[in-house]
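By letter and in written order, the chains are A, B, C, D and E; residue numbering begins at 1 in each of them.
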Amino acid sequence: MLIYILRRTGAALATLAAASVVIFIFIHLIPGDPIYVMLGDEATPEQVEALRTRLGLDRSLPVQYFYWVGNVLQGDLGTSIFFQEPVTRIILDGAETSLLLATVTMVWIVLLGVPVGVLAATRHGTWIDQGLSGVAMLLASIPTFWVGLYLILIFAATLGWLPSSGYPSVFEEGGISNLRYLLLPSLTLAAPNAALILRLTRASMLDVAKEDYVRTARSKGIRPRRVVTRHILRNALLAVVSAFGFTFAALISEAVVTETVFALPGIGRMVVQSILRRDYPVIQGVILVIVCLYLVINLLVDISYRFLDPRVELE
Amino acid sequence: MLSVRNLVVSGGKGSAQIDIVSDVSFEIERGKVLGLVGESGSGKSITSLAVMGLLPHPQLWVRGGSIELDGADITEEPPYLRVERGHGGVAMIFQEPMTSLNPVLPIGEQIVEAVRVHDGSTGVTARNRAQELLDMVRIPDARLQLNAYPHELSGGMRQRVMIAIALACRPQALIADEPTTALDVTVQLQVLSLIRELCDTFDMGVLFITHDLGVVSELADSVAVMYGGKIVETGPVERLFNTPLHPYTAGLMGCVPDPSAGHRRFQTIPGQAPKPGEITHGCRFAPRCSHAQAICSDDAPTRVTEGARHFAECHFPISRGA
Amino acid sequence: MTQQDTILSLKRLQKTFTARRKGKTYAVRAVNDVSLDIRRGETLGIVGETGCGKTTIGRTIIRLTQADGGSAELDGKDIFTTDSRRMRELRLKVRMVFQDPYASLNPRRSIGDSVAETGDIHGVFKNRQDRDDRIAKTLTQVGLDPSFAARFPHQLSGGQRQRVGIARALLPTPELIIADEPVSALDVSIQAQVLNLLADLKEEMGLTLMFISHDLGVVAQISDRVAVMYMGNLVELADGPELFAAPRHPYTQLLIASVPRIDPVKRIAGGIEKGEPPSRFSDVTGCAFHDRCPMASDLCRSTRPELTDAGDGRKVACHHA
Amino acid sequence: MTRSLRPFFDFFASRPVALIGLVYLVVIIVAALGANALVPYPPEQIEPVNRLSPPSWEHWFGTDHFGRDTFSRVIYGSRLALLIGVGVVSFALATGVPIGILSALFPRLGRVLMRMVDVMMAFPSLLMALGLIVILGQSVVNAILAIGMVYLTTTARITYGVSLRLREETYVEAASSMGASTLWVIRKHMLPNMISPLLVQASFVFAFAQLGAASLDFLGLGAPPEIPSWGNMLAESRIYITRAPWLLFYPGLMIVLTAFSLNLVGDALRDRMDPRFREMLGNKGR
Amino acid sequence: MRRKLGNLIRGSVLALTATMTVNAASAETLRYATIGEPPSLDLQMGTATLATTIGQHMFEMLYAFDSTFEPQPFLATGETISDDGLTITIGLREGVKFHNGQEMTADDVVASLKRWGEYGARGKLLVDDVASIEATGPYEVTIKLNQPNGAWKSMLAFPNGGPVIYPADIVTAAGGEPIAPENYIGTGPFKFNEWRNNRHVELVKFDDYTGLDTPANGYSGARVAELDAIRFIPVPDVGTRVSGVQAGDYDYAEFISGDLYGILKDDPALKIHLSGAPIFGLVFMNSKNGPLADNFPLRRAVLAALNMEEALRVSVGEEALWSANGSFFPEGNIWYTDAGTEAYSQGDPAKAKEMAEAAGYDGTPIKLLVSTNYKTHFDQATVFTRQLADAGINIEMVVVDWATLLKKRAQPDQWDMFVTHHGNIPDPVLLTALNNNYPGWWATEEKAVLDKKFTGTSDLDVRREAWAGLQALIYEQVPTMKVGDVYSYDIASPKLEGMGETTLIWPHFWGVSK
């Protein structure tokens, strides 16, 4: 087990190393120049050169890369060109929103997707099933920002029930009641993803229901409800669990659009803005962290399979 | 004890509705093995699922006839009520020991599950009972094996676990649907021997479904031969094999290779088995039958009897004339 | 037995798979030091239970699986170390009939295309007409109407598909056909038809047949000589009738005794326990069969018995036979 | 041709919902191809005096802040929707399929290629697309490339999975036993049997490409803003959500309906597919 | 155990509720929804509007504009100017406290002015004329000029890229680099508290503030902090800013889109604050490269084709918010002149076509560079593209993001025209078009002559006349085209008290309570 984890971690690190090179090259292919963005309209060429030297942007790319990686290995993701602050701090600032939004969204996804998926599967072939599956497919086909804009229009601007945007930290002031700021965004973000989980749960339930061992379970006199929960659902969830993991990882970055609509200070929006500002260290740092998160979740999902599914041989 | 009368199982929708199993009747007696033989598509497995109440809904359903256990009609009952009855119900074991056990639960738990339902015991008592059952099906190191997962066992062992689960239901009738087809011959022999033994010990009635005439011959007390969704011949094992009445039974026996027979050509039955619904009147075997005459494809054959309990549905039964 | 009689000669064939289980790596001996000659024009049956290595032997011969050791000589020339021109010869001379008639035909290709595939790959057809003619002729040979060429596999029954599977091995005419469980997926009445077809074709076309099966009855009835395998080892080799009449190796005896037969007098009693083959993940020393063998001695547990001549052209690998 | 199309039509005839989706898609294709003849106004015609007028007989879907006819622009938008969809699907197939097949057939190469695909999958897809657009510059082709890169990975993965299974098929082994070359195996055995899973994948990719493109447009980094795409129309008019809600409604509806229809069709196709491949095609498209 | 846990939970919930109530009660925090994240708040170094809006609450200057845009002494008590106009002596207020507790002295002022002169965004414009800046007493600073400069006082009152006063040690340490947030030390009524990226910038009341006690007038006079804190929260989406104010999540939101004006002005849930100083769109032409480089007749043809009113209507909407004014300064401003403006917004495609032919235009594509980051730019460019196409001019819109535009426009071969906008300025000297180095690189002889006349004196009348000449020259040589005046507006919660009718240039929140 330990060996397996170590081996997988090693592989993940190799992926991370490859990813870091890709990120770096990728970032420096972006045209435009952070210097101009920073100095604005009236900068003189001398000012530009001075700043470039100060930021180390005049060195060759490999040199810059090794400086970056060297610092990353020491836990230093660099300093934002735009904010003049450590990238780690900037990421930590955005991480609360992103992680909390992803978590709340995940709760919605699990609460809505799984039970409704089970309901649809157990009512397979009826109009309930068809209705639920249809709605799920529709939800998966709606652009999130469109949902978000209309949710704001209805619940915040017209009814005034919920805040329209922004997110003050739960830890700093206002306490957990600040979670209400995340209600609309999380619903927006959850809609298509819950729909996908619903469909996955349903399909997976239907597939498992056809398995021989379900027939065995019924043949040994177990009540139908227990057959569903213990034999069908449990095995069906095996397929869904990995989807949970990847959905969570994706939520962090796919939330960009939602974060923009709801003006949330998350890391997705930060990347987009940093791209527009050519704030290389921030883009690099955030993407590296997101990739890292993805790999960690990937690893956790794989390890969890070891516990969920005894058939899995750890290769 | 368990009797099936005029069972009709149908499938398909609207005008495409067809009978997969038509007018099947048989009885299972305590301590006896009834072998149900037939080639693939003959409807033998569908019959067994119908008895157990496990027909895949809504593709297949029982259109007519009745299934009675101890005189009570269970045709409409959900499967769990068929298993759970005062003096023992029906239990079943399946063909594929590989896929018939839940892969993510230890086998002990899967047995305990059945024990809980049927004995009402829980905890250590149920676990002890599970171990007892494993001993009964002669799985070595039963206590250790309770924690094993299905994929850690060989095919033969898995089938023994399936039998243990069935025994946990304390059934008076056991349906075995090709339980040894996926096993090697040396293992098959042992599993068959176990079934025979349990049948005798618990005075269980067994419905043993197989395509292998050899297996039926060695295991069963009486035999029913299915063809095209119908039982074409039924009788005590020695009578049926010594003096088959139906040309299909005889033909089938001829096709079976025999290692002691030496190098020779195989006897064959020309053509191939009809698909369900393909032949609706007359004798279903007529197109392949060497004895067939005009009447065979027009009129449904009548039942002929050769001594007690040996029947066949044929216009021109062979052993009688010959 | 002279060299000319032998079409294919296996010498000390060896194949080991590595498998990983619970974090450990195991070497699974699929084929363990097997030597075997196939005589021109005979039907050689190879029989054994699941995982005994019989299929692997067939696959190594047509090089679907790479052998680890030993050699296979086709007409006296090693086919494991051969150049591409000789490979082509091998492909045309030695052909395979697969077990599952459903899986072995590409559902998207017409029957005609499947039958002509070897010819197409090696460019043996002169033109389109020649190709059509030969497809039609081959289909007729296996008892199918030439119009089947335009059909697709899903329109055929299992027996018909297996006839197509055989037809595919006949065009262009081969010398050796390796049939790997060709009838085990078929119903008995169909199985008999296909077996007869194989036997007839072999006679008509003067083929050599290597017939791999787990079904002793079938093997006994079709084969001239039979090789019995257990856990990768060749344990007994003999002419068919003799083998079944008087098996020498205890495993062969067990195998023959286990086969259910239509014999209403023979009944299965309760309490038969003969053990199961040991796990393939454990290393067996000595005779692979020793822990199930009633005659096993210390010698059996320590030393692997060699396949030795036992007279009458029979060979047995047993210390006590 | 008739042989392969016939069951296709029968199939859709038996699935009325999927049929509606199919009909809608045909309408969109007709609208896109015949846009010039169908629209009442040129899509870029500016009429500042009539700006932000609500739906009327003159302007069925109202006008935007330039006074441009929304109906005409929505019709023209279907062109870009199709172009993006077809482009992304073609790109994803043209790159992902060879990668998947080669990786399955040559395990050594496959380890490298699939590891690269893994690395790419680890990247946040939308951010990667954004970055690519910024690098390559804003254009329709680049939007297609950026979104296509995202689906390259999923397509490669699916093709890889399908290929691995096909490689194990007995008929592929049979071909190898006859001495078939790799190219022969790919051409005669693998590709023809991959068509249906790939078709399903294509329909999902097509659907999600619509949503992806709309998101990029919304963030201002999709198709160049002067092009009337539905996403651009939404992005441009989102500030008028209270003032002129119709500007948001119609293009949004078109995106939803298009994606929905494609999903319906894809779903229907998947349902009748070989179950062995079905599980690989969750909505992995995202 | 279970009980203990229960108590613990109950306790934490109570504590949380308590904090919430406290927060609600002491919520004298003004929440300002900004258009985005500000760059560095070091006002000397950058010209970003948002930085100025925030920074002016912390940092102060020697002078400040009153509501008529006339500079009034602020940290200064007043000045004396020698007769030749070359020596300016400025007296400083005593007892002014920095946020770090130090008192402001002449040394701080000198250090700040010098750094601004050397590195500041707009410092170059003044420093070229300055011979020396010295402290001539603890509360007195003397500036010596090489030649008279008419713009000096406006420059010392203009905080956008202007000489705000920092403590001497901080400016000395910072040199040419932007001052880090922890060193945001000024003399203003609010002091820097924290900067959370993407979340907010928060200023809090500076309790030891020492201000003027004259009545507040524009930016001059008393600055009284009524609020405990001001929080600037980035909300890039304008719709979200509006609904946020409507829903009560923000007290103030800046840069609301013109098209919402009609609805919002009647909304009782908010109040509108129009800007007093228009900003205006500019379309620059490339004087170094391409078909427009020196073909003034062609440039005039382009100008003739444009109908600025249409562009303004499309990009701004509400008529109250724009004015098709060809002069670079609004009517009533001392620099207003109509010289040359007859060429403004002719919108005559036929005439333009003729003029272009006469200018020998051969259909060479003209690249119009525009960014999508500013919707107005893009909307205007879209309209212009259409209008120029109607006049037979082969225009190609090149749409990029702002960062790319900034880089591209520095390369003469990348563009022929680009769209930008210009903020309000107190003196034409700050007009980017007059800067020879600004992209477009307009540096003709005629310009140089007028420029010399304009900057070489502090005599207002001479300067105004020179400016009129320059504006006329702009319409003749067309280095840039003015689109028209746009009055931005902000919205605020009606609960805010003390807000003026207009926001002048940047909204300020001293004297404002909630």
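The working rule: contacts are C-beta pairs under 8 Å (C-beta built on N, C-alpha and C of every residue); 3 or more make two chains touch, one makes a residue touch a chain.
Only a predicted model underlies this, so the values are computations on that prediction, with no experimental measurement involved.
The minimum number of touch steps linking chain A to chain D comes to 1.
Contacts with chain A and chain E are shared by D.
On a Cα centroid basis, the chain most remote from chain C in this structure is E. Across the two candidate interfaces, A-B and B-C, the one carrying more C-beta contacts is B-C.
Rounded to whole angstrom, the centroid-to-centroid distance between chain A and chain C, based on C-alpha atoms, equals 54 Å. Chain C and chain D have CA centres that are 49 Å apart.
In whole angstrom, the spacing between the mean C-alpha positions of chain B and chain E is 90.
Residue positions of chain A touching 2 or more other chains, listed in rising order: 31-32, 149, 153, 157, 260, 276.
The touching residues of chain D, when paired with chain C in their complex, are 169-171, 173-181, 184, 188-189, 192-193, 195. Those residues of chain D that touch chain A in the complex are listed here as 17, 115-116, 118-119, 121-127, 130-131, 134-135, 137, 207, 211, 214-215, 218-219, 231, 234, 238, 241-242, 248, 252, 255-257, 259-260, 263-264, 267, 275, 278-279, 282-283, 286. Residue ranges of chain B in contact with chain A, taken from their complex: 52, 54, 58, 78-80, 83-84, 89, 91-92, 94, 96, 99-104, 106, 113-114, 117-118, 149, 151, 162, 165-166, 168-169.
On the side of chain E, the complex with chain A involves touching residues 16-17, 19-20, 23, 33, 36-37, 39-40, 46-48, 119, 121-122, 124, 161, 176-178, 180-181, 195-199, 233-237, 239-244, 246-250, 373, 401-404, 406-407, 410, 420, 432, 435, 437-438. Across the interface of their complex, chain C is touched by residues 39-40, 138, 154, 156-157, 184-190, 192-194, 196-198, 200-201, 211-215, 217-219, 237-238, 241-242, 251-270, 272-273 of chain B.
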